[in-house]
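Please read through the structure below; I'll follow up with questions.
Going by the order they are written in, the chains are A, B, C and D; count residues from 1 in each one.
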Amino acid sequence: MNKVVDYSVIKSLLRDGMTLMIGGFLGCGTPEGIIDLIIEMDLKNLTVICNDTSFVDKGIGKLIANGNAKKVITSHIGTNSESGKRMNEGSLEVELSPQGTLIERIRAAGSGLGGVITPTGVGTLVEEGKEKILLNGKEYLIEMPLKADVALVYASKVDPFGNCYYQGTTRNFNPIIALAADTVIVEAEEVVEVGQLNPEVVMTPGVLVDYIVKGDF
Amino acid sequence: MNKVVDYSVIKSLLRDGMTLMIGGFLGCGTPEGIIDLIIEMDLKNLTVICNDTSFVDKGIGKLIANGNAKKVITSHIGTNSESGKRMNEGSLEVELSPQGTLIERIRAAGSGLGGVITPTGVGTLVEEGKEKILLNGKEYLIEMPLKADVALVYASKVDPFGNCYYQGTTRNFNPIIALAADTVIVEAEEVVEVGQLNPEVVMTPGVLVDYIVKGDF
Amino acid sequence: MAVDAKVAKEIIAKRVAMELKHGQLVNLGIGLPTLVANYIPKDVYVTLQSENGMVGMGPTPEAGKEDRHITNAGGQYVTINNNGAFFDTAMSFSLIRGGHVDITVLGALEVDEKGNLSNWIIPGKLVPGMGGAMDLVTGAKKVIVAMQHTAKGDLKIKKACQLPLTAKGQVDMIVTELAVMEVTEKGLLLKEIHKETTVDEVIKLTEADLIIDENLKVMDL
Amino acid sequence: MAVDAKVAKEIIAKRVAMELKHGQLVNLGIGLPTLVANYIPKDVYVTLQSENGMVGMGPTPEAGKEDRHITNAGGQYVTINNNGAFFDTAMSFSLIRGGHVDITVLGALEVDEKGNLSNWIIPGKLVPGMGGAMDLVTGAKKVIVAMQHTAKGDLKIKKACQLPLTAKGQVDMIVTELAVMEVTEKGLLLKEIHKETTVDEVIKLTEADLIIDENLKVMDL
């Protein structure tokens, strides 16, 4: 099975109004080529789930600055001045979720769990509107799973079956979002032959991946 | 930091009545040398948390057959005739937990989560005595975290700092139990020098490991 | 229709194999379900999962080539394909419970017309434990029960399971040497029968009520 | 005691570094806390975590030797030691929330005598988000707030935080250029003061009530 396609196929998979999960931590480990494609397509009303909104001119940050997103679910917007500006103007809805909670909510959706029971956020604004539960004498929040229509995954290396390897800190959200979307698209720095990746070091099994595109990093 | 010790140090860490988590799936990926040490010490009243009770003459199965455990929390005892026999006699308490639930309970303890919200077991004996929760119209069980005094981890390769690499299917419970115990002991097939393991392929970071012993596999 | 266990199992495995679609992720339970792998058509590429920690499970290794680091969920030596991946148990059950496994094939002690399944305990007699079965049956997109139609004359396809359940209402299809049945909202739909049996025989050997499909077919093996 | 920001930060970083024990896993927040790494005694081996996905974080790479695949939680290029490990964000926060991080050092907008901390939002003015701070403060075994004692004359160590909290009652210690304070059940215990300040000055610059330790010491920098 060869899942490698070109950007025209990726284009046909993306639409206005979709919920996208996008990998990356302040731009490290983000599929930049697909970001550029979305900007070129000028998609509108996207809901973007991601760790942070990066910088104005880098990765996910560009989608914010370009007005492609109507909502972002993230842990941090402070490095992108456009995020705060658009939030204050009312053109961007921002749902802030603590980083550890955010990744567990994505993992829960991808792992068939009904929610996350976390102590993080108890006694803070984060608990607003959420169910609380007392277990073994300690208070926890119940945080709900997060799913997406499409996950946009960066990989350092991928084989045509979709097995992914992430170098350094590019891994971050990538292997988790690959569990939690209807369609999983990988943009890779390098496409290697099947058999080049040792099964022990595969970080996302190819069975989770639907499409692969070779990026230009 | 060099955490490599010999079995006499491991011996000093183990006591009657302890709760142990032990890696392995039907004996594959179990620290056999430490199992033999426990048998030699003839420890009593252990609570053992593990995927399965293996076979009478292999891995964790030997602890059951030798009467070291008073309780086992596991997903399967069918391959070890001594488990069922001792359970029926009343000399071994058996708490059965579905495999996916069991590993998430351990992960929850190791990850600071208050419990696991899972659909597995709803409408079965597994739900007895457990809190149920309705989220988004679906029923889930709340399963409680599992911690241990000591985790006995198998590794294929370990460096003196404790970074672990697991070959093939030996990984199973090992990296998860390393998160959920007060003391983490690794028995390895091979001790390699610091720097021999690429940080990208380390499967258990050494910071989680307290003691390392070189096994004889 | 009287066939010995070996022939029955072959019929079942062949018929189940026809349910597998190109590109799917499949988990085959221990025992009879494992045989399904032998009958997957050459032009259908499926990935097999072993819940102890791999996808891309390959065939049994040649004698002398076993690697004791690579075993399946039954504890037997296996191999991995060059596009496979190993992982820990948490990831394995993220795949299972998260709906990433397209088909799981399991045996049953009892199964009933509401899609309930019992296959992990006979109280007071046999308590092997549920292993990964509860998660598999709860999480997989399609659950196929593959078993001989009766057990030493006892009817296993019930109006309602008597034994403790593995999961409630999760079974989608039952394949035996005699018949293929689908669990529907109205009850068990008899879709196919083996060429050497009759609808009457299937009804006789099934405790559950059967709805006969208007397009009832003969198994095309 | 009047010192400029640079000197103040140096005092704080030096004093915090003395809290780190051999073998600990430590997370240093962005900004001032990062400076602590420069003052860790040679005979104390600590492992630094970066919440974006590594332990064993090493120093900033030499110019020209940056690897764009290796960045810290502030988005800057870093290195990894040869005993380090990379992992995904879920694992990173298992370490954090699971109590495996021995010490987390963070800045604060406000901190109070009950150990409450505010450092992620000034409603209507500044909404950067909490990033990993809420998990760190909730999960780490010991939480040290490292900050200048006052901000442009405003008192930051409060009777009760006015800004939205990052976490409730989780702070263990506050280190400023003037003083070291411990959060106790009875309130803030003043344990050390800088040699160039006085207890009276510290009290004046602290809104919270201070309990003066009977063994009050001068910071040994």
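Heads up, the rule we're going with is that contacts are C-beta pairs under 8 Å (C-beta built on N, C-alpha and C of every residue); 3 or more make two chains touch, one makes a residue touch a chain.
No experiment lies behind these values; they were computed from the predicted model shown.
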* Asked: Chains in contact with chain B and with chain D: which ones?
  -> A
* Asked: Which pair, A-D or A-C, has more C-beta contacts?
  -> A-D
* Asked: Going by the average position of its CA atoms, which chain sits the greatest distance from chain C?
  -> D
* Asked: With chain centres defined as C-alpha means, what is the inter-centre distance between chain A and chain B in Å?
  -> 32
* **Chain centre separation in whole Å, for chain D relative to chain C (CA means)** => 55
* For chain A paired with chain D, centre-to-centre distance based on mean C-alpha positions, whole Å -> 29
* **Chain centre separation (chain A, chain C; CA means) in Å** => 35
* **Touching two or more other chains - residues of chain D** => 54, 80, 86-87, 93, 96-97, 138-139
* To do: Specify, in ascending order, the residues of chain B that touch 2 or more different other chains.
  => 104, 107, 112-113, 118-119, 166-168, 200
* **Pairs of chains in contact (touch as defined earlier), listed by label** => A-B, A-C, A-D, B-C, B-D
* Asked: Any idea which chain A residues touch chain B in the complex?
  -> 104, 108, 112-119, 133, 135-136, 138, 140, 142, 144, 165-168, 200-201
* To do: Going by the contact rule at the top, pick out the chain D residues touching chain B in the complex.
  => 23, 25, 45, 47, 49, 54-56, 80, 82-87, 93-100, 138-139
* Report the residues of chain B in contact with chain D in the complex, numbered from low to high. => 1, 107, 109-113, 159, 161, 163, 179-180, 194-195, 199-200, 202, 205-208
* Tell me, which parts of chain A touch chain D in their complex? -> 25-29, 51-52, 55, 74-79, 84, 87, 94, 96, 98-101, 103-104, 107, 118-126, 156, 166-176, 203
* Asked: For the complex, which residues does chain D have touching chain A?
  -> 50-54, 67-75, 80, 86-90, 92-93, 96-97, 121, 126-135, 138-139, 164-169
